[in-house]
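Look for subunit A in each of the two complexes below; its partner is subunit B in the first and subunit C in the second.
For the complex of A and B:
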């Protein structure tokens, strides 16, 4: 869709200001119900859009596909001079003096930032309810969550107030809300996008990840995100081709024939019947298009949730040690000594789930327990990596659902009492991907009988990101994929 | 092997101290329950066959070689360690000014961050 809009802006059939005004109008009509945004940047956005239009009048050309395109950023991305809260009371008034990689690259491409979106505090959650800034609703379904932790990002695209959004995916935090909101969510391989200026949750798992209406838009955005950045030493891979060229070479059925997709029935048994049905119908489509299906077991997956909920909190406990009330962030008003300044500043401002994960992680790394918990989990992580390595010797991509169900009811509408461990189980299909650092894409499949969107996941080998996107793009052209959110922009297409 | 760590208020207090956190009585009860449930579940990991398996701490350990192989087509495993692909070398670069760094400081005095007295007057 972005490529089409780009042509329209370039030929002056529409202006950047028209698009931004439409986005801001959409924010105004939906913010109360959906709560997608923590900060709305209306003045900033209008000013930028005018600058975009002036550029075109003066220079007569557009340097970038994203020129004038409205987008949102999860409030976990550092933005110079723009409040960045990480969804936490601790950083409620934090105004970064610098730009992170994602903000820098997108803003220099002349894309227009319309707002910073809501998320679970520090990215810790799958419902977007773990934050003092309030839950985010699934657009059109006020009793349901948009998913998390990048729930605001997903809702912003689904409600039509931004054309794409960047979230962070540590254990599924982009793919899950994409699936709940009927969008495409792409987690690149670990090492493709710089993490500089992405507020850290679990450094070996975090990856900046775009959400958009279709696969083509994901590729356009990846062109910017994947740009080289010396400030993150783990950004070790530069793709061979232009991401947009990869998508432009779409071949439809030809690009699908002869490919092999791995799956395993055991992974589907625990899913809601409707999720199983959609999966089965997609697999039938695969076969009819000449894609070979191979049953490949993933024995380590049964340990993925336990592994993740030791490794991620362990890393979080170290990363969040910096929030001590000294250099920036919340400081408790009156304390007798420095030790209690640390303890009270942290205890008064960090949320319940964040504290829970810090406790788990501190325990897993503590003397006497680290060998049995953190070290053991890190070895099981290698088993998960090995399972993927072996699978990709037999197949090109691996197929799973994104989640066993459609969007959850908000806690206030759910009669079952909250159980953190049960919540963690929702991440079973997305977590192994982060533990192994491989790329994965969530694709929308349409809606359930209750009208709730659901998504399917394709996983590829390390650094097969462009092949995976090309394959997903071809699938998107051949399968009855629902791009409902596109309707919000129909007047401009 | 079954770990069966007994999570009680004392253990929670010890861990909270390490993490520089404190809780009310009712919060403590809840966290004891949560931590206990999670560790009981995590004990299932002991069944995973990890004998002779080396830990994977970060996917970049594998990604570095895979990436270089795709980009340069070399079987890096056969190349001398010193010539194998590595993370980029840190180079010195101008950073933020003192004023910018202090722009979010909760309390400051003469271009420095102000905290409670650490050494008491004699």
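For the complex of A and C:
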């Protein structure tokens, strides 16, 4: 869709300001109900849009596809001079003194940032309810959550107030909300996008991940995100081709024929019947298009959630140690000594789920327990990686659901009491991907009988990101994929 | 009540074996900090001037290793005959303190860059060998200063690279600890790894001290004395700690494991914290810094560029130039002095004969002036070529030793060549045999009485004739030559 809008802007059929005004209008009409944003940057956005239009009239050309395109950033991305909260009370007034990679690259490509979106505090959650800034609703379904932790990002695209958004995916935090909101969510291989300026939750799992209306837009955004950044030593990937070229060379059926997709029935049995049905119908489509299906078991998957909830909290316990109230962030008003300054500043400003994970992580790393928990989890992580390695010797991509169900009811509408362990199981299909560092894409498949969107996941081998996107793009052209959110922009297309 | 039956180290050593291990923190002399591009703050600087978002631990920032630090660590490892790890990792050491803005220190726990190194020296009739177990790369912390009801933090030092050099418990006398530290300090300075200014905290030492009954195989409980920044303080704190522990063992039968601080003014150690609640640093691999594989070609390169070490130079100076042990050790204390010395020798016509004289001039006159003018030898206005010229003139007998010193002073002040100064001062001695002979012949003729005096054995009369020669030549005569000529003339009569 971005490529089409780009042509329209270039030929002056529409202006950047028109797009931005439309985006801001959507924010105004949906913010109360959906609560997608923590900070709305209307003045900033209008100013930027005017500058974009001026550029075009003065220079007569557009250097970048993202020129004038409205987008949003999960509030976990550092934006210089713009409040960045990480969805936490601790950083409620934190204004970063520097710009992160994602913000820098997108803004220098002249995309227009319209707001910072809501998320679970520090990315810890899958419902976007673990934050003092309030839950985010699934657009059109006020009793349901948009998913998490990048719920605000997903809602912003689904409600039509931004054309794409960047979230972070540590255990499914982009793919799950994308699936709940009927969008495309892409988690690149670990090491493709610089994490500089992305507030860390679990450093070895976190990856900036775009959400958009279609696969083509994902590729356009990846062109910017994947640019190399010497400030992140773990960003080791170098793009082989231009990402946009990969998409432009779409081959439809020809690009699908002869490919092999792995799956396993055991992974589907526990899902809601409707999820199983959609999965089965997609597999039928695959076969009809000449894609070979192979049953490949993933024996270590059942340990993935347990492994994740040791590795991620362990890293988080160190990553969040800096929120001690000394240099920045919340500091408790008056304390008798240093220890109580630390304890109170942290206790008073961090949320329940964050505290729970810090405690789990601190325990998992403690002397006497570290071998049994953290070290063992690191070994199991290797087994999960091996499962993928073995699978990709037999198939090109691996097919799973994103989630066993459609979007959840908000806690206040749910009769079942809150159970963190049950919540953790929501990410059973997405977590193995982060533990192995491989790329995965969540694709929308249409809506359930209740009208709630559903999504399917395709996983590829490490650094097959461009091949995976090309394949997903061809699928998108051939399959009856619902791009409902596109309707918001129909006046401009 | 602690009994004070032990008053001196000698008392203690009669009953106990003293055992110590040393940990040195040497700040690496690099242009920039270890994880970011902030310059290293040297000497006086405004508080928090050399600070960026990375070294002050802002959310979203990441470390990238400064390769200069790695190279210097390898250099030190090779100089100390250590093994260089083929693969290194970094780890997080977790603890809360305001001078540590991330809430963890990045250090090397599992795979340090250097292991199994050593330091050797001759000790009366045996050889001392100290095992250096490991050398690890880590970051320095900031500095806190505590006031009545507030504390101030300065992060200039935060992220300054450190090498931590850890020995086995191989020390049994404070003298050995001091020799080791001085030798290590000299090597660090000589290899330009560390600036080595003790008063600036470039080189700091922690000592682990324990006592065990004489001949016991099991080591006693140790106490760690932290942050000693002078050789004298290391010695004093070891002596104090030995006596304190001996008295504790006598009166209570045990020493508690503690971390202690040395108070310079009082010459005593004070309890900082007990280790009963065993510090749990919850080490785990630093996920932001990938493993680094050290190529053997890199190690070879660094080895080939390793200069001669102080001990090797000292031996060579003695064997090649016949310098005595004392002069050789003074010259070999700095590579710059060695360079200056050898440059002088190269410029001299008769190296074998001149080397000792050159050493003498460097260690007396040159050092005296450098000290007085607070200059380094590289900035000496008297260059090696000129110093050798002066020594040659002196040796040829043209000027006296006293005059040579005067000339040297002017060379240093006026930066003129020695011959220029000698000419302008009219110092040149008359060594013209013909001229001296004719003066002497006339004197002999005119002073028969004095001549008789010499002949009858009155040596004082020689002085009379030479005095007259000096008078007639305006003090320029070469006294030695004149004496010889006088003897010849008398013998001929």
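The definition used in the following text is that the second predicted complex is superposed on the first by the 493 of 493 C-alpha atoms of A that agree within 3 Å, B and C clash if a C-alpha of one lies under 4 Å from a C-alpha of the other, contacts with A are read in each partner's own complex, and residues count from 1 in each chain.
Quick note on the criterion: a residue touches a chain if its C-beta (ideal position, glycine included) is under 8 Å from a C-beta of that chain, and two chains touch if they have at least 3 such contacts.
The structure presented is a predicted model; accordingly, all values stated were derived computationally and were not measured.
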Which partner, subunit B or subunit C, touches more subunit A residues: B
Contacts of A:420 with subunit B and subunit C, given as first, second, both or neither: first
Touching partner for A:437 - first (subunit B), second (subunit C), both, neither: first
Which of subunit B and subunit C A:240 touches, first, second, both or neither: first
First (subunit B), second (subunit C), both or neither touched by A:358: first
Which of subunit B and subunit C A:383 touches, first, second, both or neither: first
First, second, both or neither for A:190, with subunit B first and subunit C second: first
Touched partner set for A:100, first subunit B, second subunit C, both or neither: second
Touched partner set for A:318, first subunit B, second subunit C, both or neither: second
Subunit B versus subunit C as contact partner of A:463, first or second or both or neither: first
Overlapping contact positions on subunit A, where the subunit C interface meets the subunit B interface: 94, 96-98, 203-204, 230, 233-234, 236, 317, 321, 324, 326-328, 338, 342, 362, 366
Interfacial residue positions of subunit A with respect to subunit B in the complex: 94-98, 189-191, 203-204, 230, 233-234, 236-238, 240, 300, 303, 305-307, 309-310, 317, 321, 324-331, 335-338, 341-344, 346-347, 350, 352, 355-356, 358-360, 362-363, 366, 369, 372-373, 375-383, 385, 420-421, 424, 435-438, 462-463
Touch list for subunit B against partner subunit A, complex: 3, 5, 11-12, 14-16, 18-23, 27, 31, 34-35, 37-39, 41-42, 44-50, 53-60, 62-64, 66-67, 70-71, 85, 87-88, 90-91, 96, 100-101, 103-107, 113, 115-116, 118
In the complex, subunit A residues that touch subunit C: 77-78, 84, 86, 91, 94, 96-98, 100, 195-200, 202-204, 230-234, 236, 314-315, 317-318, 320-322, 324, 326-328, 338, 342, 362, 365-367, 370, 374
For the subunit C and subunit A complex, residues of the former touching the latter: 52-53, 56-65, 92, 94, 96, 98, 101-104, 153, 278, 280, 282-284, 287-290
